[in-house]
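Each of the two complexes below includes chain A, the first together with chain B, the second together with chain C.
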Partner chain A sequence: MDASLFVKFLPAFGLAALHTMELSMLALAGGLLLGFAMNAMRETGPRWLKPVYWFYTGVWRGVPFLVHLFISYFGLTAIGLTLDPFEAATLALVLYGGAYFSEIFRACWQSIPVGQVEAASAMGLSRRQIFTRIQAPQALRMSVPLIANQTIILVKESSIASIITYPELTFTTTKIVSETYVYIEPYLMLALSYWLLTLTISRVGRAVNRALSP
Partner chain B sequence: MNQSVIIPMVSVRNVGKRFGAMQALADINLDVAAGEVVSLIGPSGSGKTTLLRCMNFLEAYDEGEVSIRGALLGYRNTANGTRERESERGIAEVRARVAMVFQQFNLWPHMTSLANVMAPLTLAKGMKPEQARQIANAALDRVGMSDKADSLPAKLSGGQQQRVGIARALAVSPEVLLLDEPTSALDPELVEEVLEVIQSLSGDGMTMVMVTHEMSFAAEVSDRIVFMEKGRIVTVGTPQDIIYQPVHPRLKSFLQPWIRRSLDGKAIGMESPSPRFNDQIIKEYNNVD
Partner chain C sequence: MLASGLLDRLTGYVPFLFQGALVTLSLSTGAILIGFALGSLFLAVSEKYGQEGVRLTPMQNVAGFFVSVYVSFFRGTPLLVQLLMLFYLPAAFNINVPPFPAAIVAMGLNSAAFQCEILRAGLSAVSPGQLEAADAFGIPKKFIFRFIQLPQITRAVWPAVVSEAIDVLKSSAVVSVIAVTELTRTGRQIVAGNYRPLEVYISMGCIYLLMTGAIFLIGTWAGNRLTHRSNASSQIVQGLPGRLS
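Let's turn to the complex of A and B:
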């Protein structure tokens, strides 16, 4: 193993890590918003909208991420929507993450004992007030470790964006390997990069969880 | 007598309710007058809790009518003679006049006692926080829980939680208070503090309908007791008729274990599980048999 190679590749890896983070954090933000909205719709929306929830979470969790990515990058051009690799990857990962975040929020909302909801309902609180005042404060706190876990999965899933040439960590590594014919050092750095990213996420998650605990 | 005085606070007319194939309630008729305390007793599965939950539409009844002081609960009659489910807002409006106390207290664990009592006032009634706080403090004081106003439910005993639950129900100034086995989830030594609060409410003329297994207490506090079985009302009467001099054979056999326990406790000279009114029970039963 040549230690000097680590130094040589470091700038490229730094830039690639930024791209991975950019994609993952956008997917986290967009996915959380989408997941929250989906769950809010399921909890408080009209009955006829509920199939939308089940269709979305069912299909998007039931199809591999690579397929989503191909559809958004290659498939959407067929209807005149041509996205660059970054846009296509972001779109696919937001929708993919959103489906899982929807289910995380659903699980947390449904874990609030039904008696609490009945009491609120019997005391005249509206469906929306029950959602925001009774369920949300408890359910959101519960969701933090699950969101952290799902974010780690999103970061790792973002590696698949390398296939449509988005220059994130995995793509950059493959490029270095094919140009330099060095294997051990770049792949070791790749593994280390993902591990550091996900370690950071789980640390942040734990800190948020602690801050929210009574 | 003024006409409005005669309109019962709660009127249940020919009410039926099914859970799938199971007939949970059948042909229930019951009027509760203003200021009256009515207890529902009966074996588990007899429909007493379902009936109580129909009185605030937590359970939607299928047949008949439930009215709160003349206003139909949960449904709206349409022009073509059928009826449809009332809007959420419409249900909330009638519900605002009925409050409920739950077996499992059902306090909101992320809120202090005070916040639990205030929430229905600020959220459902749109009251200003200062005014709500005043009313909530008065309600907590009423049940002897002022000193725990800032405690979270997890820091309170079961009896204290239930008293906060009662304060939460009282704060909205309900016309009727529904109590669903208010002491069933409590340790025996905590039952009394809750019963005392309920008894003082009846002394204040609060209209109450209560599902209970505390026979002595039901006898003491109720104006009338309803005995239910298999979704039907078997017999209704004064505590004297129902508890002390039961005539109906099914009612007698339902009460038998409780009577034996009460008498046993007395015989060995201990405070029995139901210390109230033991002397009277013994006297009455000695007279009967």
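Let's turn to the complex of A and C:
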């Protein structure tokens, strides 16, 4: 093993790590918004919209992320929508994460005792007020560890974007390997980068959870 | 994309997709079995590690530390990275690993980390008081495991095991990058021939959905039977003291 190689590859890995984080954080933000909206729709929306929720969460969680990626990158060109690797990966990862976040919010919302909802309703609170004032504060606090866990999954899934040539960590590594014929150091750096990223996220998740728990 | 002729094209390539799906299924089954065997082994050697007030031999400490690092690494890095490392690092030492075994081993090693943690959580579902009580009644150790721990652990971990099986099947799509001709790679090959990515990839997605849906339905059905049966047997046990007195 050659220590100078680590220094040599470091700038490339730094940039690639930024790309990985950019993609995952966009997916986190977009996925959270989408998941929250889907859950709010399921909780407070009209009944005829509920099948939309079940179709979305069922289909998007039942198919590998790589397939979503292929459809958004290669498939959408057939209907005239050509996306670059970054756009395709972001779109696919937001929709993929959104399905999981929807289910996380649903689980947390449904774990609020039904007696609270009934009591609030008896006090004359509207469905929307119950959602925002009674359920949301408790359910959101409960969802923090699950969101942290899902964020780790999203960072790991983002590695698959390398297959459609988005220059994140994994793609950069395979590129360095094929250009320099050095195997061990780049792959070691790659694994350590992801490990560091996911350990950091789990630390942050635990800190947020501690700060929010009463 | 013309709708006319779609049916003809589908009947042309869907059989190939199903052949790929068979490879996906055998890969996933192999990986889940390897993961279960390794995961339970890891749990067995690290069961007491990290618990308060338990004195460990140096050997147990080493094993426990190894398992915790293993689990953290395999859960903290993407399967794709583990797969590439397993496939290409031996090549640096002039060892060629054939794709299919590399894929099944990488998926198995990955799943072992997750299954070890699932089983660990299951083990804690049985309260220590039950084990102490069973011991006080003089029930032999193997019976305690077979009739007291195992049924409760099985029921506790079942939903997580079903969802792990679905995750393993889904994650198997990435092994297409090391030239294992499973469902995803078959789909790519068909697209390379007919240039119709949208319909081929959607059909491919439907087949994945069919498989994950089947695992979910069968898993839920089996899970319901598990709880139902053990409820029935616990009623018999509850009836026992009455009959004995």
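As a working rule, the second predicted complex is superposed on the first by the 214 of 214 C-alpha atoms of A that agree within 3 Å, B and C clash if a C-alpha of one lies under 4 Å from a C-alpha of the other, contacts with A are read in each partner's own complex, and residues count from 1 in each chain.
We take it that contacts are C-beta pairs under 8 Å (C-beta built on N, C-alpha and C of every residue); 3 or more make two chains touch, one makes a residue touch a chain.
Please read all numbers here as calculations on a predicted model, not as lab measurements.
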(message) One more residue to check, A:Thr77. First (chain B), second (chain C), both or neither?
(response) second
(message) Once chain A of both complexes is superposed, is A:Val59 in touch with chain B (first), chain C (second), both, or neither?
(response) second
(message) According to the stated criteria, A:Pro137 is in contact with first (chain B), second (chain C), both, or neither; which is it?
(response) first
(message) For A:Ala191 in the superposed arrangement: first (chain B), second (chain C), both or neither?
(response) second
(request) Name the contact category of A:Gln116: first (chain B only), second (chain C only), both, or neither. (result) first
(message) Looking only at contacts as defined up top, I'd like to know whether chain B or chain C touches more of chain A.
(response) C
(message) Show me the chain A residues, by the header's touch rule, that chain B contacts in one structure and chain C contacts in the other.
(response) none
(request) Give every residue of chain A touching chain C within the complex, in rising order. (result) 58-59, 62-68, 70-71, 74-79, 152, 156-157, 159-160, 162-163, 170, 173-174, 177, 183-184, 187, 190-191, 194-195, 198-199
(request) Report the residues of chain A in contact with chain B in the complex, numbered from low to high. (result) 113, 115-116, 118-127, 129, 133-134, 137-138, 214
(request) Using the touch rule from the top, collect the residues of chain C that touch chain A in their complex. (result) 1, 72-73, 75-82, 84-85, 88-89, 91-92, 166, 170-174, 176-177, 184, 187-188, 191, 196-199, 201-202, 204-205, 208-209, 212-213, 216
(message) For a test of understanding, state which residues of chain B touch chain A in their complex under the given definition.
(response) 56, 58, 88-89, 92, 95-96, 98-100, 102, 104, 106-110, 119-120, 123-125, 152, 168-169, 172
